[in-house]
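Report on the structure given below.
By written order: A, B and C. Residues from 1 in each chain.
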Amino acid sequence: MKNPLERKRNFITIFTKGGLPSKLSYLIMGLMHLVSGQVIKGCLFLAVEIAYIAYMVTSGIDRIRNLITLGDNVQGMVFNEAVGIYEVQQGDNSMLILLFGVVTLVISLAFIAMWLVSIFSGEDARSRKAAGKHVRTFAEDIRSLLNDKVHLAFLAIPVAGLSIFTLTPLIYMILMAFTNYDSEHQPPGNLFDWVGLENFRTLLSTSDRLSATFWPVLGWTFIWGIFATFSCYFGGMFLAIVINSKGIKYKKFWRTIFVTIMAIPSFISLKVVGTMLGERGIINVLLQQWGFTDHALPFLTNTDWARVTVIIVNFWIGVPVTMLMVSGILMNIPGELYESAKIDGASPFKMFTKITFPYMWFITTPYVISNLIGNFNNFNAIYFLTGGAPNSLDYFKGAGKTDLLVTWLYKLTKDSNDYNLAASIGIIIFVISATFTLITFQRSKAVKNEEGFQ
Amino acid sequence: MKKAVALLTGAMLATVSLAGCGAQNAESANTTTTTTTTTASADAQSTDAPAAEVQDVTLKIWVPEEEVEITDNMVKKFDEMHDEFNITYEIAVVGIDEAPALVETDADTAADIFYVPSGGVLDMSNKGLLLPITKDMDALAADLPESALNSVTVNGLVQAVPFSPNTYFMYYNKDFYTEEEIKSLDTMMAKDFGEGMWNFSTEMTNSWYAESFFLGNGCTLFGPDGTDASECSFNNEKGLAAANYMIDLANNPKYLENVDGVGGSAFKDGKLGAITTGAWSAIDFKESLGDKLGAAPLPTANMSGTDAQLSNFVDFKTIGVKSNTAFPLAAQQLAVYLASPENCLIRYKEQGDVPVLISLSESAEVQADFVAGALSEQAALATSQPSISQMGSYWDPMKALGDGIYYGEVTKDNIQEQLDALVDSITATLTE
Amino acid sequence: MDKKVIGLNLEHYDKALCGSIVGAASLFLPYAAKDGTSLSLAKTALSLPGEGKLTFFVCVVWVLVLTGVLSAICAIYSRFRTGVGSVKLCRNLQAINTLSFTLMLFVSKYVLTESGLLSGFLNRNLSFGYYLGLIASYFTLIRFMKTTKTDRGYILLTILGVIWLFPVLWILLTALRKEQGYYVGYFFPHALTFQNFVELFSHPSVLPFGRWWLNTVIVAVSACVVNTLIVLGTAYVLSRTRFAGRKPFMNILMIIGMFPGFMSLIAVYNILKGLGLNQSLMALIVVGAAGAAMGYHVTKGFFDTFPKALDEAAIIDGANRFQIFLHVILPLSKSIIVYTVLGTFLGAWSYYIFPSMLFGDKQSSYTAAVGLFWLTDMRRIETYYTQFAAGAVVVAVPIVILFIWLQQFYVDGLSGSVKG
């Protein structure tokens, strides 16, 4: 779309080189569109600006201001002599102030993005008009959303949803790490305040006590994540290949058998299996009746047994999920690849390593990585199956030997209400897993070369 | 890059409307406060000129599912008694353990009146979630035992109304033991009932049960009065003796660990001599064992040379009022009424909640009930469950010790270190 | 052997024959040995009483010995009179033999101690004769299957199927158990009943399970539609179109999923409250949809394998991007849509932690997961355990039905339809 007569202007030159409407459009969003004839679009931009200003005036500015102090009025109590009761006077709730401050920040960020968009799109309209080209009508703009701008149409809802329900809470949690929101500063009865890096300093100073737990738990989290992810991945792939192989009849029946266990909500199956594996659970009862052992096996009570058991139970639950996914993809592998391999006399194993696996791996690398991260943070599997047990006094505050970092964090929060420290540890965990993921993700072939497998 | 119109409009509209609602919410909170003041003045007037005007009151009450019906009757009666209120109410099912967390999550939608264990009172009060109860309270307070009153008093103000003690004691099968034998755990364990039978069952892998040995042998948790967050003497000599006793007990084949209710099943099947559990098991046990069922306080145990009475935690079921209730007067009057002698008696008869009020627990009717008797006796022998917030750090480490002892990872060789670690974990704070 | 029979792959036959002979021979080798006494399977079969409560287990032993011998005889016979029918008979006999050999692992103790042949028997007392027979039976079965060109996958699928279904069967039996209670020391209930299911639906004031179930259906169906569309849309634009900020967007999606979610639940709750959605089913659908985009990976990977020419051809035909999505990409993606639909549908049934916080005291809005978990509270579990299991079964039914229905879209294999 470049106009050969005029170099495309950047953010600054739009202002310096532009005429009065261009300059004013920095202040009044949509002005340039109105001038260039894009009336509806201009009005929409203007409406957004008015809405934002209205919001800021009515409550936004107060919220930003409150964010700085996190509230001044402590909840109080006054004795009403006439009636003989205490009456509570509502104070500020630091937690809500923090949250709605963050909401205002996110709204402001979205507004700034909008503002930039309006400037550039206004400039685009102006330069087209100046060059005597056709200026897009509103209807054309809408239509372009179905074609070259289809990503805007498709991503609008996800982006909005993620900003509201993921990003905002996330920023809220990060900010919490810089406050003294601990057991002694619990809203609504008390206020909490900013303390800077104090919490991280505390964590470092109590480090020997915490690190005696942190590192072993981190280590187990990694072992668990890797075993849980890859056992299910390969197990599921293997199962799918067996079921999908040509000689097997009644494929639907076999798949249904394995999917049945998925049909029971996982926390129920985890709880039931946890019961079955107990000292007097049915598995121990049967193993003794069948003569495999003469005493109950400590499936979930001995550290090593428990760790192996949770991985196996997770395997039991996870394999059908992968099987289902892999089945879907397997059918899409071009059949002629196998035909030609067969003609070359390749063994089934060779066909797997040379065709099936590379194809699967190409499609699923991002899935595997996100699954790995998901397993590092697999709260449900541990919480519902063992609750972290067997607990051990080797660990700080009796954390459990199957506790992952997340479940440990959860216990810390629940036991002592120290949200600030929990948030700080949360940030540390996040930094570790984010670094790990980004490195792996960037290195993965599928990401580097998305058009690769053809 | 060109414009991201649709995308951002969507996000903006959503966030703006969100913000708008948030603003409304803040306003409505203000309105609530205003209402409170008006209410108060209206009440003031009504005290000056009784029955001058009727106030419309809307209340929400949380009770466990078994008590919905009886509570409904109680509230109706309360409404009849108080002409100055015109009460609209709603009763929702929320158990006593679940209420504190729910009030904390969202005090606006929470009930005005709810059940709360006394162990949670201090914590909730520190968070500013409870309304002190002053109206009509004096008469009831005079009828309460000191321990119960202490457990709900913060800074000299009563924060919730106790109505029933909550602790566990011992049920026994009269085919196994006589009334004399059940006084000593050692005597009980010495008997032999043969293959497939057990003598005694408790739950040392549960921190609410495991403490009875330590506290019984004279150790203290958080100081003698349970308020010193830096003190726990479970690792002294007496604690060591108690832990050793637990190890021996766990290794005794005649002992059954009550994991996931196996003890209860065995007891009902007549395969177990005695079990420690609370009043909630009474109905079930009576059904299975009938006249063979007996109840008694916990036995003594010879842990370090002398017979020491096992002593467990006791706390109380109480009724609380949330601090931001719109009708503080009516709410606390109703709360007190729900815990009044007549209603405690109804709750005892219908639900088996043994009353805490002195006048009732000493009444002939309650005394005649062996379960209530055992509970009251045990409550007197028990230690008040500390309610300081450090108590949150007690449960997991203690469970770790109990697990370790029962599953054999804690042995007599490493017990002292483990006890030291236990005490360190219980008293440690992250913020020091 | 240089014979050729249509439908048989005779190169494996000799090995199968050897296997079956070894298997038959192992019946006379020591099968169990303890304290100097040792028994062969043949001897055990002969010395067992024919009636009494042992019947079923004794049958296993007899069938084992019988099929072991018959299979060997049949194999020798077929060696000289080779035909599809006789070899298939060998295979079937051998299959039964293998099954009984495997079952012996589970019934030996019962049979030997109850019949008084060997008291205090444990599986570690099994002797080499048994293991030889076990291995030989599997070996022979595999060889026979190869000969008859039957897929060996069946053996594996059967074993895995049994393991996978075992806990499911346990839940089902618990749901049908007449004796109430949490722990019972036996596998098969003493009496069966449907009462647990009836109970589940007959106390709407205390336990409104029907309502919970319906709530979950509503959430699951809505989430299914909305989330699947979002996932497909996101995956489509990330895979098939190129625009500025695409890679950073993908990276952001990846890392924001890594924060421990439970820490921010209270924030999500308050945001929903600000929107006036707290305690409503709508909130669950909205929150689910808001995070749906993060699960785009598999679908994107799948779309990535479609050749670019597909889009280009459509563009030449005058289609816009949206039409390509609708008319070209979606019809090719049935199997991955099945996966996505099923995944979100399942998610709605098992989503527990957030809903439990969201609904608070409003039991009429509970989903089945929250309600069922409520039943497993320590105070309630003893009374409600069988009903809890019944609830789990009721929850599983719509999912299994949905899956069976969705499977038809699996059959339309895509192989060959997409060519570069």
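Note that in this section a residue touches a chain if its C-beta (ideal position, glycine included) is under 8 Å from a C-beta of that chain, and two chains touch if they have at least 3 such contacts.
Predicted model, so just to flag it, every value in this text is computed and none were measured.
Look at the CA centroids: the one farthest from the centroid of chain C belongs to B.
A simple rule picks the central chain: find each chain's mean C-alpha point, then take the one closest to the mean of all protein C-alpha atoms, which gives A.
Between chain A and chain C the centroid-to-centroid distance comes to 28 Å (mean Cα coordinates, whole Å). The centroid of the Cα atoms in chain A and the matching centroid in chain B are 37 Å apart. Taking each chain's centre as the mean of its C-alpha atoms, chain B lies 42 Å from chain C.
Counting partners per residue, chain C has 182-183, 266, 271, 274 as the residues that reach two or more other chains.
Shown for chain A are the residues in touch with two or more other chains, namely 100, 103, 153, 155, 157, 160, 164, 275, 280. Residue positions of chain B touching 2 or more other chains: 1, 18-19, 22, 260, 262. If you check the complex, the residues on chain B that touch chain A are 1-12, 14-16, 18-20, 22-23, 26, 29, 32-33, 36-37, 40, 43-44, 47-48, 107, 125-129, 131-132, 134-135, 157, 257, 259-260, 262, 323-324, 328-329, 332, 389, 392-393, 395-401, 403-404, 407, 409-410, 418, 421-422, 425, 428-432. Interface of chain B with chain C (complex): residues 1, 17-19, 21-22, 25, 62, 65, 68, 92-95, 97, 102, 105-106, 108-111, 260-262, 264-265, 280, 284.
The touching residues of chain A, when paired with chain B in their complex, are 41, 44, 48, 51-52, 55, 58-60, 75, 77, 79-80, 82-91, 100, 103-104, 106-107, 110-111, 113-114, 117-118, 120-121, 124, 141, 145, 149, 152-153, 155-157, 159-160, 163-164, 182-184, 186-190, 202-203, 206, 209-210, 275, 278-280, 298, 301-303, 389-400, 411-412, 414-418, 421.
Across the complex, chain B is touched by residues 181-183, 205-206, 244-245, 266, 269, 271, 273-276, 278-279, 357, 360-363, 377, 379, 381-382 of chain C. Residue ranges on chain A touching chain C, taken from their complex, read 95-96, 99-100, 103, 143, 146-148, 150-151, 153-155, 157-158, 160-162, 164-170, 172-173, 176, 239, 242-243, 245-248, 252, 254-269, 271-273, 275-276, 280-282, 285-286, 289-294, 316, 320-321, 324-325, 327-329, 331-336, 359, 362-367, 369-370, 373-374, 377, 379-380, 405-406, 409-410, 413, 419, 422-423, 426, 429-430, 433-434, 437-438, 441, 446, 450-451, 453-454.
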